[in-house]
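Down below are the structures I want you to see.
The two complexes that follow have chain A in common; it is paired with chain B in the first and with chain C in the second.
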Partner chain A sequence: MKPPILIIVTSTIVLGTMIVLFSSHWLMIWIGFEMNMLAIIPILMKKFNPRAMEASTKYFLTQATASMLLMLGIIINLLYSGHWTISMIPNPVASTVITIALAMKLGLSPFHFWVPEVTQGVSLSSGMILLTWQKIAPLSVLYQISPSINPNLLVTMAATSVLVGGWGGLNQTQLRKILAYSSIAHMGWMAAIMVYNPTLMILNLAIYIMMTLGTFMLFMYNLSTTTLSLSHTWNKSPLIASLILALMLSLGGLPPLSGFIPKWMIIQELTKNDMIVMPTFMAITALLNLYFYMRLMYATALTMFPSANNMKMKWQFESTKKMILLPPLIVASTMLLPLTPMLSIMD
Partner chain B sequence: MPVVYVNIFLAFIVSLMGLLIYRSHLMSSLLCLEGMMLSLFVMLTVTVLNNHFTLANMAPIILLVFAACEAALGLSLLVMVSNTYGTDYVQNLNLLQC
Partner chain C sequence: MLKIILPTMMLMPLTWASKPNMIWINTTAYSLLISLISLTYLNQLSDNSQNFSMLFFTDSLSAPLLALTTWLLPLTLMASQFHLSKETLTRKKLYITMLILLQLFLIMTFSAMELILFYILFEATLMPTLVIITRWGNQTERLNAGLYFLFYTLVGSLPLLIALLHTQNNLGSLNFLMMQYWTQPLPNSWSSAFLWLACMMAFMVKMPLYGLHLWLPKAHVEAPIAGSMVLAAVLLKLGGYGMMRITTLLGPLTSSMAYPFMMLSLWGMIMTSSICLRQTDLKSLIAYSSVSHMALVIVAVLIQTPWSYMGATALMIAHGLTSSMLFCLANSNYERIHSRTMILARGLQTLLPLMAAWWLLASLTNLALPPTINLIGELFVVVATFSWSNTTIALTGTNIIITALYSLYMLITTQRGKYTDHVKSIKPSFTRENALMALHLLPLLLLSLNPKMILGPIY
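Up next, the complex of A and B:
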């Protein structure tokens, strides 16, 4: 894509999300979502092939439906409360419709069917923007209306999301689909805590974005999109293989790494509010997630996958991929656990 | 709540069902998207005019503008699908299944 067009499209995506983030008028929020969706379709179709076209069509259809449902919720809210500000939504019908619309935008179950297919059809860098930047706007709106969301609806969606995210990723070898199911599961964790402590949702989002950005960039380094091509990393760039090891363990939420911080805080907050079954269930289904991360890691960093003999003597060329801010991202995604007591400044 | 809102809400629900349950053509889901937009436009206009929210008189027109942009984008995607496959059947969009 030519640089001037890329600059215009990227700035519209950023502007759309910024409009959602700092608006207090529902119509402006809707406009921000529309701008975001309109501008990301060219990004999804950077590489023009039938898969990208199909992914863009599916993305457009689901996001357009979600936008229309959001507008319906806004109008019902206007009808019953008489104002356009995004504070409390007194009417339960409007609140349910808006929550469902935002869940469709996020890819929470049972509206998750578009996430693996769309992530699979686009290139790695477009998928990176899709799974990280596009989650910021809906989650910020959910953060602002969190006191008036129906808790039963949200906790049901969270429970089904962690289940779907765990089980759906088990049969995948394509890396983009694995990261899509990982995104569904993490959105489930974020939705579960939104009713009780929305600040922890922002913490989970921040750590998830850092880990996912790091993972995508490590995959882009070798241009690998399948487990098989990732398993050749030990020969081409052994440092990347060990970083994939650390980052996969962090995504799975294992203790000495910073992926554990949000899970720990969320389980603590849920048990403080006398919910015992839900955090137990979520912690157990996180094991399903951990299984397919560990399988990736096993193939990449812990074993030498079966390959032809001349693979072991490949020249190690310098990669020319630009990886922005990768070392700070890796450090932030794996070593932040000792800083957890600093969360007390948010009270 | 006046009965007219139930009518317009029902129109929205019918269009939503038409979007979600379609048989073969992608064009029909785009048409149902426009139907949803139309029912939302009418609902917003009736709300704003009946309750005299004078400052919100522009809101239906702004809704119309952005929905028209979205419709144009949907049509361009339909044209690309049609260029590749010859028709707009949704059975053709099956490359990305697991």
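Up next, the complex of A and C:
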């Protein structure tokens, strides 16, 4: 894509999300979502092939439907409350419709069907933006209306998301689909805690974004999109293999890495509110996630798959990929656990 | 406690910055020095604890385990020198770094004062162990072994996290100092039963309990020597230590909830000992013998009498040293004939007489010969179990007999008789190997002279 066009499109995406974050008028929020959706379509279509066209079309259709549902919820809210300001939504119908619309934008189950297919159809860098930046806007709106969301709806969506994210990823070898199912599962964890402590949802989002950005960048370093091509990493760049090991363990939520912080804090909040079965169920289902991360770790770092010797030619050349802030991201994604007491500043 | 933790952390830069011909010397020497520091903690009053900060403490239960852990690092380094000699320098340094990281987490686990910190470090020990087993094991089964190891432990310990957080909400804090005064007895209800199960299952899996022990033979057999040593000697004791600490929270419920686990342990002791009699794989035999000894520890912790706690602590230390020594001996066989099958290397007494002496002493301590601390541990536990219920003597007595049977079976098969013709060309014992066995055995024998420091807080 020519640089001027890329600048315009990228700034529209950023501007769209910023408008959603900074607005207090429901119409402006809706406008921000629309800007975001329209501007990301060229990003999703960076490679012009039928698969990318199909993925972009699916993305557009689901997001447009979600935006229309959002508008429906906004109008119902306007009808019953008389104002356009974003705040608590007293009317349960409006609240449910808006929650479902935002769940469709996020990819929460049972509206998750578009996430794996869209992520698989686009390139790694577009998928990275799709799974990280695009989650910020809907979650910020959910944060602002969280006192009035129906808890039963949210808990159901969270439980099914964690299940789908765990089970769906088990049979995958394509890395983008694996990361899509991982995104569904993490969104489930975020939805579960939204009712009780929305700040922890933001914490989970922050740590998830850091880990996913790091993971995508490491995959982009090798230009690998399948488990098989990832398994040649030990020959091309052994350091990247060890970093993938650390990041996969962190995504799986193993102590003492940073991925454990959101899980620990969420379970603590849920048990404080006397929910015992729900966190047990979510924690055990997160082990399904850990299984396919472990499979990736096995293929990449812990075994040496047979690979041709001409991989060693790659040692001669420096990487030309843009690895923006990769070292700090990796440090932040693995070593933040000792800083957990700092979370007390949020009280 | 920082005087142990910081030097252990600094062992990692030491590994990476050492010259290639000095890595083993540097790390072994400095880790031996660190273990000398930990020996100073053994000088304790028996029922009081030495509190270093709000995070770390030692008392007479954790000090011997701490000494065992720090003592084991130089031994694992010495044992790994041979099989890593052909690897590239970076991989050697990575392996040593994994061992040091594991050591660091173990030290912090045994001295943690708060139960959530204990939990985090308990889980953290899984990560370096997984890397050691799956990356440096020798057969393809190691992948399966790593999976079983990780998932068995995690499925047991995630409910523990939830139970700990729930208890923290009820009691206010999970700090050991405050828990002594704030614990309330658990009411007799279904939810208390689930809380008890959630707290104990993690440690039952780790010990392991007989029905949940499937990960242990896989992990022990497939791990390289350092992994097997650390697994057998220390990681199993994490389960026992955790059980002893957490039963303080679980009130009078333990006496009624313990029955199924007592039955599983008592029966499992005999089952796993009997399987040892039919094993062809040497490491597998030692792994099953670990299950059998740990089942005794489970029984001891569940009946919660003063004698049984003393026996459990002594048995944990004794078994740690014995089992690690047996794995080192098995590894010295493996390095020569590259097979774990017992009958392939017979009659070694003729060829390696000094090693046969170490085999004899290791087998004798394994079958709990007086006056070793193995005997003290087993005897205390058997006597305490007899007072809990008279009929258990049939089971524990049978177990002692079968333990003696398989230990002698292992000794006689590998050492006595006519040697097989193909082992005539094996290399003689290295000084490193003899030093390794001596360093395992000396603490065992010296502790027999003064066992009161490993008898735990009840003595």
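The criterion applied here is as follows: the second predicted complex is superposed on the first by the 335 of 347 C-alpha atoms of A that agree within 3 Å, B and C clash if a C-alpha of one lies under 4 Å from a C-alpha of the other, contacts with A are read in each partner's own complex, and residues count from 1 in each chain.
By our rule, a residue touches a chain if its C-beta (ideal position, glycine included) is under 8 Å from a C-beta of that chain, and two chains touch if they have at least 3 such contacts.
Here the structure is a predicted model, which means the values were calculated and not measured.
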Task: Classify the contacts of A:I284 with the two partner chains as first (chain B alone), second (chain C alone), both, or neither.
output: second
Which of chain B and chain C A:V14 touches, first, second, both or neither: neither
Message: Going by the contact rule set out at the top, does A:M323 touch chain B (first), chain C (second), both, or neither?
response: neither
Message: Between chain B and chain C, whom does A:I129 touch in the aligned arrangement: first, second, both, or neither?
response: neither
Task: Spot which of chain B and chain C makes contact with more residues of chain A, would you?
output: B
- request: Could you look at A:M37 and tell me whether it touches chain B, chain C, both or neither (first, second, both, neither)?
  value: first
- prompt: Both chain B and chain C contact which residues of chain A?
  reply: none
Field: Residue numbers on chain A that touch chain C, as the complex places them
entry: 238, 242, 245, 249, 254-257, 260, 264, 267-268, 271-272, 276, 279-280, 283-284, 287, 290-291, 294, 298, 301-303, 337
- prompt: Inside the complex, what are the residues of chain A that reach chain B?
  reply: 27, 30-31, 34, 37-38, 41, 50-51, 53-58, 60-61, 64-65, 67-69, 71-72, 75, 78-79, 82, 84, 116-118, 120-121, 171-172, 177
- request: Please name which positions on chain B make contact with chain A in the complex.
  value: 1, 5, 12, 16, 19-20, 26, 29, 33, 36-37, 40, 43-44, 47, 51, 53, 56, 59, 62-63, 66, 69-70, 73-74, 77-78, 80-81, 84, 93, 95-98
Field: Residue numbers on chain C that touch chain A, as the complex places them
entry: 90, 94, 105, 119-121, 123-124, 126-127, 131, 134-135, 143, 146-147, 150-151, 154-155, 158-159, 161-162, 165-166, 168-169, 198
